[in-house]
Amino acid sequence: MRNLPISTEMINTHTRVEMLDVTDLVQKHVRKAAVSDGFVIVYNPHTSSAVTINENADPDVKSDLLTKLEKLVPQIENYYQHDEGNSDAHVKTALLGNSVTVLIEGGRLVLGRWQGIYFCEFDGPRERRMMVKIVDLSPPQS
Amino acid sequence: MRNLPISTEMINTHTRVEMLDVTDLVQKHVRKAAVSDGFVIVYNPHTSSAVTINENADPDVKSDLLTKLEKLVPQIENYYQHDEGNSDAHVKTALLGNSVTVLIEGGRLVLGRWQGIYFCEFDGPRERRMMVKIVDLSPPQS
Amino acid sequence: MRNLPISTEMINTHTRVEMLDVTDLVQKHVRKAAVSDGFVIVYNPHTSSAVTINENADPDVKSDLLTKLEKLVPQIENYYQHDEGNSDAHVKTALLGNSVTVLIEGGRLVLGRWQGIYFCEFDGPRERRMMVKIVDLSPPQS
């Protein structure tokens, strides 16, 4: 077991609301760290973007998810007091969450067949950061 | 501290939408691993089911939760594009989350008096998998 | 690396629905433990309160979030069966989640500039508990 430093990735988003597949990016860090067993914490340090895990096959799942979130939490509500016009983004972040934890086994992310890791922008376009902390539980090399 | 392999449990669900109490199943793994201190990551590798923690006493809490989720995210919406008819399940998974982390102390799960761990099916009935990764933080035995 | 015991904080809430900033409380435990690298699991052992991360600057974000949650999940619905009148609180807990994981580097919580950790009461006022488990990944001192 070794302590591995936090890696930070810059993520450029292109529209107000967007889900970006960051699975390969996270897998790249796992490979580079050469960790066989453990887990990774993918952490979003912003309050109007989130990280989640969902389907990586049909892109309609992603757009249906974003459309439904928009219907539940529209950008404008007459009762919002916060004057930046992004209260909806803060609510969506609370609903989806700031981080995900994914297991690592045999040097690879343990994801289900249809699972991908997504960075979720709710108030873009912006330059965002995403943190990747790999926790190494591999037995010491002899 | 030792590295413990991931355990996988098969979960059979019986209806389209269902919450199954898996607390005893997770506790069984903790007991078997004989870990005194640490935590467990309960991970759902599917994109239309989830894992959550909620009340284990009155079963009405469970049905109220599922009914409310159904009202917020009904199975059919005229704007859904994904053609498998389960976009709602993907949304519910995003809202509830893919994993929970529960602390372990004195060889037992540290849950509140009314807390149980639930596997949440949103597109059943199916045979599902659930992963249990115990992270052992116990001091080494002398 | 050492195993650190779970710390429990008592949290007094003052109204039915409330978000309390507990960032300093968590940071205090990190400082006291003198852990340079690792992460902290902040765990809520109740089923009608939650823990989340959101904006720590404009208090309107907090009230907009709580108002929106109230609109989505009002306290009373004619279909609720649970007879304690707090089914909404259980739903909100499921949506926001029972715990957050925050990274530690250089002895400090790694939070984004605008992020704070919040204990979310959905069925108060009550005396609540909040658990703080610090996982130390610091290299051993020579």
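Note that the chains take the letters A, B and C in the order they are written out, and that residue 1 is the start of every chain.
Keep this in mind: a contact is a pair of C-beta atoms (placed from the backbone, for glycine too) under 8 Å apart; a residue touches a chain by one contact, two chains touch by 3 or more.
Keep in mind that what you see is a predicted model, and the values were worked out from it rather than measured.
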{"item": "Rotation angle superposing chain A onto its copy chain C by C-alpha atoms, nearest 5 degrees", "value": "120"}
{"item": "Interface sides of chain B and chain C: same vs different residues, half threshold", "value": "different"}
{"item": "Between chain C and chain B, distance of the C-alpha-averaged centres to the nearest whole Å", "value": "19"}
{"item": "Touching two or more other chains - residues of chain C", "value": "1, 72, 95, 97, 101"}
{"item": "Interfacial residue positions of chain A with respect to chain C in the complex", "value": "1-3, 5-6, 41, 43-47, 72-73, 77, 79-84, 87-88, 90-91, 93-95, 97-99, 101, 129, 131, 133, 135"}
{"item": "In the complex with chain B, residue positions of chain A that touch it", "value": "1, 37-39, 52-55, 58, 60-61, 63-65, 67-69, 71-72, 95-97, 100-103, 105, 110-115, 137-139"}
